[in-house]
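Pasting the structures in now, so scroll down.
You will see subunit A twice below: alongside subunit B first, and alongside subunit C after that.
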Partner chain A sequence: MSDLTLAELDRDGALLDPLAALQGSSRAEFLSRAALGGGALLGALLAPIPAEAKPSHKQDVAILNFALSLEYLQDSFYTEVERMGGFRGPLGEQARTVAAHERAHVVALRDVLGGKAVKRGRYDFRGATESRDAFRRTAVAFEDLAVAAYKGQAPRIANTGYLVAALGLHTVEARHAAWIRRLAGKTPAENAFDEPRSAKSTLGVVASTKFVLQTRSRRSPRFTG
Partner chain B sequence: MALARDDGSDARERAAAHVSVPDLGPAPFPGFKVGDPIPLGSGRFESRWAKVRVTTVARAAPRRGARAVARLSARTPEETTNLVLALSRVEDGRGRLWVRARLPVLPAGTTGWVRRSALGGYGVVTTRLVVDRRALRATLLRDGHPVFRAPVGVGTPSAPTPRGEFYVRNKLTDYRSPFYGPVAFGTSARSPTLTDWPAGGFVGIHGTNQPALLPGRVSHGCVRLRNADIRRLARLMPVGTPLTIR
Partner chain C sequence: MPDLSRKDVLRAGLLAGGGAAAGAALLAGLPQGAASKPSKKQDAEILNAVLVLEALQAAFYADALGRASLTGELREFAEEVGGQEREHEELVRQALGSAARDPPEFDFGDATASAKAFRQAAIELEDLVVQAYNAQAPNLTKGALAAAATIVSVEARHAAWIRDLAGKNPAPFASEPQKSAKAINQALNDTGFIK
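For the complex of A and B:
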């Protein structure tokens, strides 16, 4: 985490927009609290969510967008695995099945959010979609993270209907987690109790993977001139 | 459940006596529904490209000591991000991933193995541009179906447009030259004869200030389109699109 820099974070808003909304500020305000350095930015990420962030429709939208950003990440990851077609047997079956689920999750969240849905980010999975070992490790991390992240936001959802739907997504993510843990040789259900994870902690984990690309910096890809 | 199957009042009374559950109401409705799992398409017309993240060497085989085929830099001669078309990949004995890539070098059709770590994330396109030198026509396919057709100019017999499999590397609009029209695409194809041109004689696909010459064999190897056609193509064709010149 100590090498976290702004350049490693998504600047298209795939993750920061939802996080800023959760903190009750605009993305620009959120970023303005951080100098353009790793330590300062990390400090901003670790700032507590204000107490006034009470359940509300606005916060529900922010939470759904936060969920959408995680679903984008998973959808992109598994879809790339499926497109590469490199895994056969149980691992390939898991990737194909979960990819189809994650795509359905993305469509559902985009539909309910309509024009308020955040855009999909750009990702570089750095070979994790091509190596069986790297895929297993990454998929376990993603699924465990998604399960904990949903749990972290569920109590803050104001709309009961959204909460019920979110729980439906959460339990499917938990099934994914158990499935890939089994394939990775890990105990599917390690503990008797699962801890929730906050949005900022979730973002920190995602940022540490360096899978989310920054696309507006001078170092970003430039295919036009 | 066994009590319910007895279907007798005694059984129901015994159940009520042992299980005291208040009426908790029906299960709540979700605020939105998730549809069925969405299968991926066939992928039959998909191509994958990746940017060159760091300068690297493409090799004849997927191993460190294999013969060097070409040096790949992170930038193109036009100062855009360089990219390669990814064709296949393997994992070597040490768990290192290698990608077989189509390369922007002579001779046409050259491929080489590049370390995966030297490349960025994959982009996917479902388009393919076909330039027919005999018919003097360009056709853009999307998912295998033609979505664009236009007459073109190609190279003269002394500076022919090379035949083979290539890809589109960049899209250029920030220059002021009526000769190239409003948009130019840079490709991985290189002229086999004009190798002393700046940057090595890469073949472009661009507009023109002499539309009356099209269709025809009029260029130094580039593919020329009328300005209205190149503008339309620019809206339809993403970078990374494979290019077939036949």
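For the complex of A and C:
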């Protein structure tokens, strides 16, 4: 396998901008350390994030961008379902309603972040938007993941306004999760307590889906290793 | 890192707020809005209000299971969710320790007397509890916030579940509506459930 830099693999920065920011280094610094063989990408995504947990504005921006990258992923997923004609019945109702919510979450986070917002990635949902069964399974995974991811970040947010906003999105993601779980024949509330998930672990799950396109850019990469 | 079970971690987070508790009634004495500076003392006040909400819900589901002739998925919902509310109540009580105040008496009247009334009351209660947690979460210290966050999303799941069962939109808004502590307290009083 030829050596690729992470910039080439993730040229829109959907995953790495938030990751680099969470690691407390600039994107350029992070990427310059990150030239590696393609097979090592997942390992890089799972690399330990130093625990510099002290809330700060800089960290808030990283957290909101991390949330935005998850919302882009969900928005793109549900919007693709709609573009392909949607599903009939309650499942179609769920997909339409949730698509509108995830789009609203993207708009809200981009508004707050302004020029600091990361760009939307490119996705290939590998058939998950095409059949009812694959859609249900993927939507359950996305929604439970989003709940756990917001929960992992909320206590790390410094700005009270951002925290209030994040909490308002967190419980709506939980409503989505319960809704799709019921439609998938799963119990909507499996446990009395929902576990948080760290950013590192969340990004690892996202990477493992292979939904985020990591094709070599035709353009020259913005940063090279 | 010490090998703590999930519940121990939760308890540690909530316990950070388990210090002194002054005697304020229900939610009325709580900070209005999100401007108050978090403190362990304030955590204890908020957690005592949370304890009332969790005890209220646990009692509500137990009462409905005894009186409302629930069948099918509605019964399954009440059993499952009632058990989870008891777990929440137990955790919050343990976290508060000696600072825990005894919850008031409850009377659910007609709300637990029929399946239809139960369903409507459950929707109102679950939505209200989600909004109550969200209103107070920013006033908690970070450790207590992390613990409360593991509960509030489960309350939101309950709300979505019962709404879907009742043929209502489980997620009727893109962002959870923000209510003041005062508005939540008023809505809670309006139920007439707390004696």
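The rule we apply is simple: the second predicted complex is superposed on the first by the 181 of 225 C-alpha atoms of A that agree within 3 Å, B and C clash if a C-alpha of one lies under 4 Å from a C-alpha of the other, contacts with A are read in each partner's own complex, and residues count from 1 in each chain.
Rule of thumb we're sticking to: a residue touches a chain if its C-beta (ideal position, glycine included) is under 8 Å from a C-beta of that chain, and two chains touch if they have at least 3 such contacts.
Just so it is clear, the model here is predicted, and its values are computed rather than measured.
Peer 1: Would you sort A:Phe125 into first (subunit B), second (subunit C), both or neither based on which partner it touches?
Peer 2: So A:Phe125 only meets subunit B here.
Peer 1: By the touch definition at the top of the document, which applies to A:His105: first (subunit B), second (subunit C), both, or neither?
Peer 2: In the superposition, A:His105 touches subunit B and subunit C alike.
Peer 1: Considering only the touch criterion stated at the top, classify A:Asn159 as touching first (subunit B), second (subunit C), both, or neither.
Peer 2: In the superposition, A:Asn159 contacts subunit B only.
Peer 1: For A:Leu213 in the superposed arrangement: first (subunit B), second (subunit C), both or neither?
Peer 2: The answer is first: A:Leu213 touches subunit B but not subunit C.
Peer 1: Is A:Arg83 in contact with subunit B, with subunit C, with both, or with neither (first, second, both, neither)?
Peer 2: first
Peer 1: Would you please give the residues of subunit A that touch subunit B in one complex and also touch subunit C in the other complex?
Peer 2: 97, 100-101, 104-105, 108, 160, 163-165, 168-169
Peer 1: Residue numbers of subunit B touching subunit A in their complex, please.
Peer 2: On the subunit B side, the touching residues are 28-40, 43, 46, 48, 51, 78-81, 83, 89, 91, 95, 97, 116-117, 120-122, 124, 169-175, 239.
Peer 1: Sort out for me which residues of subunit C touch subunit A in the complex.
Peer 2: 6-7, 10, 34-35, 80-81, 83-84, 87-88, 91, 130, 133-134, 137-138, 142-143, 145-146, 149-161, 164, 169-171, 173-176, 178
Peer 1: With touch defined as at the start, can you tell me which subunit A residues reach subunit C in the complex?
Peer 2: Against subunit C, the touching part of subunit A is residues 55, 97-98, 100-101, 104-105, 108, 147, 151, 154-156, 160, 163-165, 167-179, 182, 187-189, 191-196.
Peer 1: For a test of understanding, state which residues of subunit A touch subunit B in their complex under the given definition.
Peer 2: By the definition above, subunit A touches subunit B via 79-80, 82-86, 96-97, 99-101, 103-105, 107-109, 111-112, 122-127, 130-131, 133, 159-165, 168-169, 213, 221-225.
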